[in-house]
Amino acid sequence: MRADGRKPVQLRPIHIDTEYLIHPEGSVLITVGDTKVICTASVEEKVPPFMRGQGKGWITAEYSMLPRATQQRNIRESAKGKITGRTMEIQRLIGRALRAVVDLEALGERTVWVDCDVIQADGGTRTASITGAFVAMTQALNKVYKEKNLGSFPVTDYLAATSVGILDNNDVVLDLNYIEDSKAQVDMNVVMTGNGEFVELQGTGEESTFSYNQLQQLLKAAEEGLMELFEMQKSVLGEEVSEHIQKVREKKEEKA
Amino acid sequence: MRADGRKPVQLRPIHIDTEYLIHPEGSVLITVGDTKVICTASVEEKVPPFMRGQGKGWITAEYSMLPRATQQRNIRESAKGKITGRTMEIQRLIGRALRAVVDLEALGERTVWVDCDVIQADGGTRTASITGAFVAMTQALNKVYKEKNLGSFPVTDYLAATSVGILDNNDVVLDLNYIEDSKAQVDMNVVMTGNGEFVELQGTGEESTFSYNQLQQLLKAAEEGLMELFEMQKSVLGEEVSEHIQKVREKKEEKA
Amino acid sequence: MRADGRKPVQLRPIHIDTEYLIHPEGSVLITVGDTKVICTASVEEKVPPFMRGQGKGWITAEYSMLPRATQQRNIRESAKGKITGRTMEIQRLIGRALRAVVDLEALGERTVWVDCDVIQADGGTRTASITGAFVAMTQALNKVYKEKNLGSFPVTDYLAATSVGILDNNDVVLDLNYIEDSKAQVDMNVVMTGNGEFVELQGTGEESTFSYNQLQQLLKAAEEGLMELFEMQKSVLGEEVSEHIQKVREKKEEKA
Amino acid sequence: MRADGRKPVQLRPIHIDTEYLIHPEGSVLITVGDTKVICTASVEEKVPPFMRGQGKGWITAEYSMLPRATQQRNIRESAKGKITGRTMEIQRLIGRALRAVVDLEALGERTVWVDCDVIQADGGTRTASITGAFVAMTQALNKVYKEKNLGSFPVTDYLAATSVGILDNNDVVLDLNYIEDSKAQVDMNVVMTGNGEFVELQGTGEESTFSYNQLQQLLKAAEEGLMELFEMQKSVLGEEVSEHIQKVREKKEEKA
Amino acid sequence: MRADGRKPVQLRPIHIDTEYLIHPEGSVLITVGDTKVICTASVEEKVPPFMRGQGKGWITAEYSMLPRATQQRNIRESAKGKITGRTMEIQRLIGRALRAVVDLEALGERTVWVDCDVIQADGGTRTASITGAFVAMTQALNKVYKEKNLGSFPVTDYLAATSVGILDNNDVVLDLNYIEDSKAQVDMNVVMTGNGEFVELQGTGEESTFSYNQLQQLLKAAEEGLMELFEMQKSVLGEEVSEHIQKVREKKEEKA
Amino acid sequence: MRADGRKPVQLRPIHIDTEYLIHPEGSVLITVGDTKVICTASVEEKVPPFMRGQGKGWITAEYSMLPRATQQRNIRESAKGKITGRTMEIQRLIGRALRAVVDLEALGERTVWVDCDVIQADGGTRTASITGAFVAMTQALNKVYKEKNLGSFPVTDYLAATSVGILDNNDVVLDLNYIEDSKAQVDMNVVMTGNGEFVELQGTGEESTFSYNQLQQLLKAAEEGLMELFEMQKSVLGEEVSEHIQKVREKKEEKA
């Protein structure tokens, strides 16, 4: 039993509110325990300079926390005049992860700007951001797909992320909250596609290390949590999206 | 009748959710029509360098918008590496306005950081910020008052803000939404205390000007709206705060 | 009687030197008591990106103080690497005020850069900047009008600004110097056109508030000062400009 | 056979020049194929503010490339005025990895600044930096250990890093050069300690994904390369360091 | 004969207005032909961190141009967020030059901030700044000398600067204006002390070079101009300062 | 005899390694005593905006030091977010000096980016940079000359730089190392062309001054050192380059 009453391999209560804001093409409020992130997807009908003229689209992500999302107030990055290394790492990760399930050619020369703004933080903000951003992005791309009559659906699979870790007592646990995270010996973020393939694997043991055996246990716990997240995404995104993705997968398999 | 069905001197539907977040000492989500702002108040047990050793406290405010709070996505100020003139003007205004109803000596050597983060914008974000920030700050200061056993309640009166303007058709209107605001000839923000005194008056006519007579009409409309806002603040903050403020006012009047 | 011997509603000695510098299209040194500001107007034959292709011009203003314009030396904003909130607020105000009396369509696709550099400060630098900048800009635009053969004179009215305030002793005074300003309960800047219409009204009471009755007294005092400033501007700008403005006004009235 | 004639699981020729510069406490030039990195370790007798008074030391790393380390010249980060996300990610990784094998309490209140400057890049600059930085840091800490008479040797194990990846043709390869890296489907960096435990595992498939089975092959290839790198580090650092580390390990095992 | 009617070795008309501003301890407006620079000296009763505890003072200089000091308007360095290389070079030169004639020990632990703000530019702004700054600084230091009862006068000699150059037609000329400067093959700035010793010599031939023989002619022309500038400085600073400097020199010679 | 055993007018041991890196068009490692600088030349087939359409090329230089090139570690300029005045002065000097021996018309519309990165510093880094950069640039331009079939060789003469100074004991010395430099009364950098003409002359005496007589001795010592540097450059660059330069000189003399 963990401090908050969960079993080692159990997610916190999760909720995904869609159409959370009126302006963006896609927007969700994702709640994972006490962690809350607003994820929006904005579609722009052009690509950044380094992508121009290739007939392909681009997905880019930004991440930020409200100053008082945390226990102690943080100085705004706009006030500091620069973005911290932590923020850069996270937003690069989110963008990279989303691009793994987007067919940039099917998207055509447009950019999706994904914004993940943490309004309340209790651990796992980057994995909640990926899981929520996938939903916001997919809803936005479903609109684009229909309005612009794209040749094929640009999202090729579901995508979710969660964290696993090894606590002080050597327990392998799923979906760490802030207190657990700050005491964990090893912390690992796993980003996976709906068909169970890895997209990103980032394991780190700052004051500690981990063995091959522990790695296997961590990955097993992550997979359990991720399967639950995919179910939630499917239910929130509905059957239409599910069918689109099914069709894209079939086409891909035929090709291979 | 206005485009959204309101009468000229009528506020949009307003809602103030308190205790919106778990970490800050005070936090609200204020909704004014489609404008939504998260206002938090964080108390720090020290003052900025220029205030040290005077036995007085300080109130400072920051303001920001999520990139997709608006119709078009805005570049984050943290990505630009600097804060725009508009943001600076607004956060200076919020801080100045709040300080007008805080007895900094009663507060003692502590700082209240007020953060106003617009998650959805439809005009009037700065006035909604002031109205909401007052509630978040007062709840935080009520906690400080009780926990630190302050000699007197540091908030001396209610404080709210609204906008008034003159539309194309010369109509004087209250609480402009974004469409009205962008077409208005004259735009005026009025910040007032619960007893009807002005704190700030900012009227501007970029492509136009206004006469003394029009000024009088604008101020009358603003006052009507503000009285309604004070009622809402009183109801949300409850009787305890109301009594504290009543006592502070009486003490002040005795002195005078 | 005030500390410097003035009556409550009396301006400080004012002087406007025109053609103060050899390079700019318009330039003045305005002296208001001990406050001295160099105002220049530079005409550029193109508009900023957001204005392109609309057939209209643009007026933009920048404001700065020499480091030792004040009692204590200030760090240069170029050395800090950023512009303070105060500077941004002031330069936005100057630009907005000037645009209120310029017919941007008559100006055509060109930009006037107005620079206000305070070389000595003793209160009222922003209002002196507006009053002086109007003269520099109008001289520059008179040259453009003649050289480029514009269809109509792009300046539609005189424009001046002054400050009024309420001192400790509740006196309403006009044109506050630095000492008065730093002790005033209420400080208000009024920008007005030659025909007595308001352009901007910014009243603020940081540690205090003001009533409707006091507002009326403040506005009356401001108007007296402004009328004197318009006379000075007329005399400095000469009859040619006066006739141009007269003609523009008549055309406008005919239209209305 | 790979394009440069290597077998799939074969490192490029590697060389570590120690005492490369005269000023730093530790310095190496590490050469991995055509990748060349100068790694220096500078010891400072104080810790950063957030570590003060804890009796513990700190290791921090910075990473940079000369503008023409690459095929195309890059703009200097000092000229841009900010550090890119990629650089931040790498320098955070290097610091975190080194701290995993340093006993910060044994180090005492001092900071080791590790600088990795890439003078020529051909893939694998971050892993070469970690492998080289470990040697420079250990030589610097050996000096500190002897000069300051530390209670125990502050380095607890060897530490090296390498990359593995999956090429277009689905081959799993070790130590990718730039051409291979830019075409790889999956790229993984593995940081390991001398006793075969993981410190960091970062696998990513931007346009692709990888299965559990492929992960196992990647980790096996990485381990082969790392074992060779540990041998090289041992030979370069010499017997004295080897004995120190042996003693630290024994003490640790006794404790456990 | 030069374009403006001067002989090759002739200065432009020069004027030094002292006590130009009311706030600074020393201030001048120096006019050299159409070049006009406001030079102020501000005394601060502490030294920068790197000078603390040495019983010595410090002189530092900053240089800037108003945006429209030149034919074309320049973007403000505060708006760019950084200082150009040209500005840095000039302010380092001014500071270094002034320190050559100040006895920093006699000055004691205080800093003189010298600000040179060019309000109109027509060539030679850096040399005019040095010549004017010397007067402003000396007046400020004369006040400090008397008010703080310094042991000896901290200024050890007069200091002035001028430019010389070689024009297209191979003429060696003194005190180049902007047009001459922009066409000159060789441009040299010479900073000299009242007793004829060099402080700085900066000769440069960007598209050209110069021989030893030409160097000798340039130095001769510079010396003629500088002697005239010293006379002007002596007359402006008056006999009191002249006697102070005379006494310092005698003491120095006795020592040697 | 100097502290390191050299005669007053003797250079330190100098070595120029060419083709030091694989990517740049030209690259050298220049060693002057313990000072080591990597100089690279990168050719870009376009010019900066201010040079476009003139049929001429451009040479620009950047200079930097590794953080631990010096006795004490320096903070990186990229971490500070800005370039120091010293760096700007040096890189402007290097670029200006190189341009003095390049025929920008012969070069055509292309830019040479010269990068000088000091990996170890012991005085004279700016002069070593110029001497090394000339070699790297000339090798790059020789390639351009042949590959692009330029009409005439774009380098018009050899170019080298050295420092001279006056020590405490009044000795005039050549090529100062760091210890000598930090104690010197006068420090002078001389940049010269192969035919003995001056390109730059920068003499400075921060706490001291120098007479005309001393200037003559300094220049004589510099010339001796420079003649030796030209021999070294000729030998490293080889006969082909020597013939190209000879031909360019002859053409120039014919013209004159």
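Labels A, B, C, D, E and F are assigned to the chains in the order they are written; within every chain, residues are numbered from 1.
Assume a contact is a pair of C-beta atoms (placed from the backbone, for glycine too) under 8 Å apart; a residue touches a chain by one contact, two chains touch by 3 or more.
Source: prediction; values computed, not measured.
Hopping across touching chains, the smallest step count from chain A to chain D is 1. Ranked by how far their CA centres sit from the centre of chain E, the chains are topped by A.
Taking the CA centroid of chain C as reference, the farthest chain centroid is that of D. Mean C-alpha position of chain C lies 61 Å from that of chain D. Averaging Cα coordinates per chain places chain A and chain F 52 Å apart. Residue positions of chain D touching 2 or more other chains: 81-83.
Beginning the circuit at chain A and passing next to chain B, one meets the chains as A, B, C, E, F, D, using touch as defined.
Every residue of chain C that touches chain E in the complex is listed here, in rising order: 21-24, 27, 34, 38, 40, 42, 44, 62, 64, 66-71, 73, 76-83, 87, 113, 115, 117, 119-120. Contact residues on chain C toward chain B in their complex (touch as defined above): 82-86, 88-89, 91-92, 96, 99-100, 188, 193, 196-212, 215, 219.
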